[in-house]
Amino acid sequence: MSPDDQAAEARLARYRRMRLSRRFEETVHEQFEQGNVPGPLHLSIGQEAVAVGACAPLRRADAIVSTHRGHHHCIAKGAHPDRMMAELLGRATGYSRGRGGSMHIAVPELGILGTNGIVGGGIPIATGAAFGFQVEERDDVCLCFFGEGAAANGVFGEALNTASLWKLPLVMLCENNVYVEMTHQSVHVAGEIWRRAEGYDMPGVSVDGNDVDLVAEAVAEAVARARAGGGPTLVEARTYRWLGHFAGDKAAYRDEVEVAEGRAGDPLPVTRAKLDPALADGADEEVEGEIAAALEFALQSPLAGEDVLAVGHYAELA
Amino acid sequence: MSAPAKSGSLKFWQGVNQALFEEMERDDATVLIGEDVARVGGPYGITRGLLDAFGPSRVRDTPISEALLVGLGTGSAAVGLRPIVELMFFDFAMLAADQIVNQAAKYRYFTGHSLPLTIRTMCGAGGHNGAQHSQNIEAWFCAVPGLKVLMPSNAADAKGLLKSAIRDDDPTLFIETQGLLTKRTEVPDGERLVPIGKAAVRREGEDVTVVAIGRLVERALQAAEEVEDEGISVEVIDPRTLSPFDAQTVIDSVRRTSRLVVAVEATAPCSFAAEVCARVTESCLEEMDAPPIRVTSPFINIPTPLPLAEARAPGADDVASAIRACVGKE
Amino acid sequence: MSAPAKSGSLKFWQGVNQALFEEMERDDATVLIGEDVARVGGPYGITRGLLDAFGPSRVRDTPISEALLVGLGTGSAAVGLRPIVELMFFDFAMLAADQIVNQAAKYRYFTGHSLPLTIRTMCGAGGHNGAQHSQNIEAWFCAVPGLKVLMPSNAADAKGLLKSAIRDDDPTLFIETQGLLTKRTEVPDGERLVPIGKAAVRREGEDVTVVAIGRLVERALQAAEEVEDEGISVEVIDPRTLSPFDAQTVIDSVRRTSRLVVAVEATAPCSFAAEVCARVTESCLEEMDAPPIRVTSPFINIPTPLPLAEARAPGADDVASAIRACVGKE
Amino acid sequence: MSPDDQAAEARLARYRRMRLSRRFEETVHEQFEQGNVPGPLHLSIGQEAVAVGACAPLRRADAIVSTHRGHHHCIAKGAHPDRMMAELLGRATGYSRGRGGSMHIAVPELGILGTNGIVGGGIPIATGAAFGFQVEERDDVCLCFFGEGAAANGVFGEALNTASLWKLPLVMLCENNVYVEMTHQSVHVAGEIWRRAEGYDMPGVSVDGNDVDLVAEAVAEAVARARAGGGPTLVEARTYRWLGHFAGDKAAYRDEVEVAEGRAGDPLPVTRAKLDPALADGADEEVEGEIAAALEFALQSPLAGEDVLAVGHYAELA
């Protein structure tokens, strides 16, 4: 296969993943509005290019750590829409037995170490995974997703400092979607996050988070450095949170012009435009099928019952 | 938006909101800081109207820096303010534990000066927020000299206790309960301060003393109604202040009823319920006709789906069964 | 430096040191990280020799980042290591409370996977380090599902329990006691694992059961000697594991003696001592002939001068008086 | 008085303060070796220029927050050697009733908000004091002392971020004495601490911490900015810890050449050389008298007894 063909194939795959994430969330959002989601839902619609681009350079053995807004991260790293849908719909077949929901999805066998209800809570864990890879002399890396709001949690600086000192195979990926709950990032972020890397003697870059190829490129460089023992990199990807902080939040605190501009950065059309339309249509169809099947699987699955409450707290009882 | 009507039937959150309004009006040194407390009036709307009323210097949205938040309170209290710091969920207080316990709580001990800091937070599994947004760790802070720990169970006490906490010259931890936010109670007109360190007898009875806090108070009262028809007379006591704990009121009651049930939303080990059992049995075991019974959440994590979370939390029926077991009428 | 002799009479710290050596030898996935644990072998010399023996990849000095430290353990355990994280003083665990409680302890619940993480720390007022370097907050962690909490009271158990903790597939919090570091006990030759969750009866007796942990075990045994001449026969039980707590062993004992004294170094409110009183009275109040008595530190901060710190901590004499009061021989 | 005379007088005062701190610590160190100090002792000998230079631009109403190694900070801000000596010797007349010792000295009425046993623990409190000054519309500032090791505590980044966003009157003074307990700073610090300011959109400077005038100059600029509403500044002062981490620590982990070079930076002689010898001698004499009186005061004072244990925990009981 020629390099061009490979590039085309890679781009199609990326588009397909982004589309899968988008349709997954649109579908689960509908389910939420129908009252079928027994938990909070933080949607990442509009941010798909960050997740898919960042995971593109990763191998199955690489790890990612996600956040409270992590459906797209999980899907980008290979989580199955059916078990994710089941989890969000509170079904016993979900990744966390239907008892965890959106903020507690983990698939360690795929290197997905977990979404997290604590903002910034995953940062030390990601650093730890990178530490583990280094001790084990594996050339795997850990990619840590976090929001611009999470950068205010002290563990951010703790992680940069030690990761840089130890040259850990860590990629710190700040997904800046302009909002932190109901307030603009300017309330939360002094200066620019990617510039904080320099103070810790590590490279920092800023990238257009709505261009999946640019994100993939930037992260690929960071991943290559990490695999080669060159240490961590801080990447800030600029994108926009289309919807409210959580499903149900009308986000009346934002003005329409800003929202319209934000949505204009939709990462899907740009990528789709670069594809053979027939292939793109085919991908869309596949995605529809996959999503329909996932929803079917979830709705067919039994709701998590009280029997799931006590299990899995200790090895003895696992 | 402005402050809700000053009296009548109020929701729990409105009691908190009114206390904040009244105390911020009363004393310019009072400030409120926290995540999303200003512009949007709090993720649950509890602090709505305060920014408009008191302006951006005294009411501030902060970054997500819980440890710093408490330090902002400690440092500003040390130089003359009377700060109120909101930690959105009690679970997040873990990120600030050093600043609360090693710093704020010990400030007077080290310096001999007052530290009029109020930390507000919200506990419990009343939402569908899962294992990291629903925990009850009040017991941790009851073990800390220098701190005062408050947990109101209704709108009137929420208002009156918070006002007392804000005026208090020691660091106070004011714990709101997620499951109570929208519950209504009558709130008397005019200024009413609920004293710190004083328990409330919610219902008088002869056969068994039920000590309940937060969300379990209402459930204990329901249970008391339920078993009344069965001829069991229940006394229900709400400590309201967990530290310093008004043990005497409880002990006097148990001396009369000779039976004790303690109901809390937390898990049992080393909980406030354990403390009540210990304090009471230490003082009047000989006068007790039955073992004390704790009604708590099982020792497992809090699931996200609300039905499961509610199934895990102790209910009125659990309290009722405990009462029956305690009086030997199962 | 290399590991101390493998047996005979060892100091508490040497028991810890040997356990670390043996387990790191046994399993290459075992790593040790902490502040000053490598080059200088720990501020108290507990980890001496490990860097030389296992090299700078597996034994690392870290920056002063307690929250990150625990995360380094959680994340590396998640990808295959068996990490041991040292938090120099228990007080500093407050800076890592989120990572311990919200993250490590809930990992298996959320993921279904093991998390073989061991967190070592040191509690108690045995040094002259003051109110921020001497606290006993073990009760906080006994309230956390998913964690196992261990507190050995002598060199042999320190060694055997730590070995079990390191091999355990759940996160364990291993609490060393500052006041015991240089105390000697006989440590049997060869490999000996002390089971997690099993209490030890240190001394058998008929009249009263004394449950003691950490530093209070030795003091309880001294007290038992002391009152023996007065004709009081004391049973002393050392739970060793605080969570899960081996309540049955204690309850069976109290059923025989009908009396309970609980001695801990922590302050009383919501302490492990409160939990023991609650568990025991819940199960066998009718069989008890006297109220339980807690012997704890008073509810005040820990002063820096060692004589004052010791005056504050409960001593053998305090345990003895409690025993006499409990059996009614004051 | 002519500017020159003023400068000379100021320099004499600075020298005198440094000398007071040096002699205070040498004296308390002797007392420690005689077994008269019932607590840990972290000595700052060799670092006096950082404390005295940084406090030179401060007014009484300004606040400082200190660390576990804070005798020089307290003396520089005006704490009385007698009550400090009494505290360190465990006497009831000490600033903390003799029950706190070296890590728990506070004199709020002098703006000394406390030394601290928690490394980094004072950073949020300092930020809070600056916040308080801002709300009260006072033009006072808070100076936060912390070591290069403390910069690894997450609260460091949390403080920089919010202080910069809110333009708080805060001066973050990193006293880099090359050691963090028993390990070299290179084990703890990625890059250079002062450079981290830029990532938080605030000024950062590095200064020779052994030159009291340079430190005073750098901090004066930061203080002026803070008073004028210009926000926080991060100042890193380079110095050297002459002795072990604590009294009793032989510091065998350092090589002699390094220590010799470090001690060569002694801040006292350089300053003394710029003084009229007669005045300098006079200052030395005064200091000897003050220290002798302080020791006398402490030794004459009763040891803190058990009666100090319970007092001062709550307002009701204060």
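Details
Per-chain numbering from 1; labels A, B, C and D assigned in written order.
The rule is short, and it goes like this: a contact is a pair of C-beta atoms (placed from the backbone, for glycine too) under 8 Å apart; a residue touches a chain by one contact, two chains touch by 3 or more.
From a predicted model like this one, the values you see are computed outputs, not experimental measurements.
Path length between chain A and chain C in the chain contact graph, taken as the least number of steps between touching chains: 1.
With centres taken as mean Cα positions, chain D sits 45 Å from chain A.
Mean C-alpha positions place chain B and chain C at a centre distance of 31 Å. Rounded to a whole number, the gap between the C-alpha centres of chain C and chain D is 37 angstrom.
Residues of chain B in contact with two or more other chains: 63, 65, 67-68, 91-92, 95, 98, 102, 109-110, 131-132, 145-146, 300-301.
Of all residues in chain D, those touching 2 or more other chains are 100, 104, 116-118, 121, 152-155, 158, 161-162, 165, 187-189, 313, listed in ascending order. Viewed as a network of touching protein chains, the structure reduces to a complete graph with every chain in contact with every other. Interface of chain C with chain A (complex): residues 29, 31, 57-58, 60, 62-63, 65, 67-68, 70-81, 83, 98-99, 102-103, 107-114, 145-146, 148, 168-170.
The part of chain D that touches chain B in the complex is made up of residues 63, 65, 96, 100, 104, 106, 108, 113-114, 116-118, 121, 123-136, 140, 142, 154-155, 158-159, 161-162, 165-166, 312-315, 318. By the touch rule above, chain B contacts chain C in their complex via residues 67, 91-92, 94-95, 97-98, 101-102, 106, 109-110, 131-132, 135, 137, 139-140, 142-143, 145-146, 243, 245, 266-275, 277-278, 281-286, 288, 290-294, 299-301. Those residues of chain D lying in contact with chain C across their complex are 38-40, 90, 98-101, 103-104, 116-121, 149-150, 152-154, 180-183, 187-189, 253, 303-304, 306, 308-310, 313.
Contact residues on chain D toward chain A in their complex (touch as defined above): 151-158, 160-162, 164-165, 187-193, 195-202.
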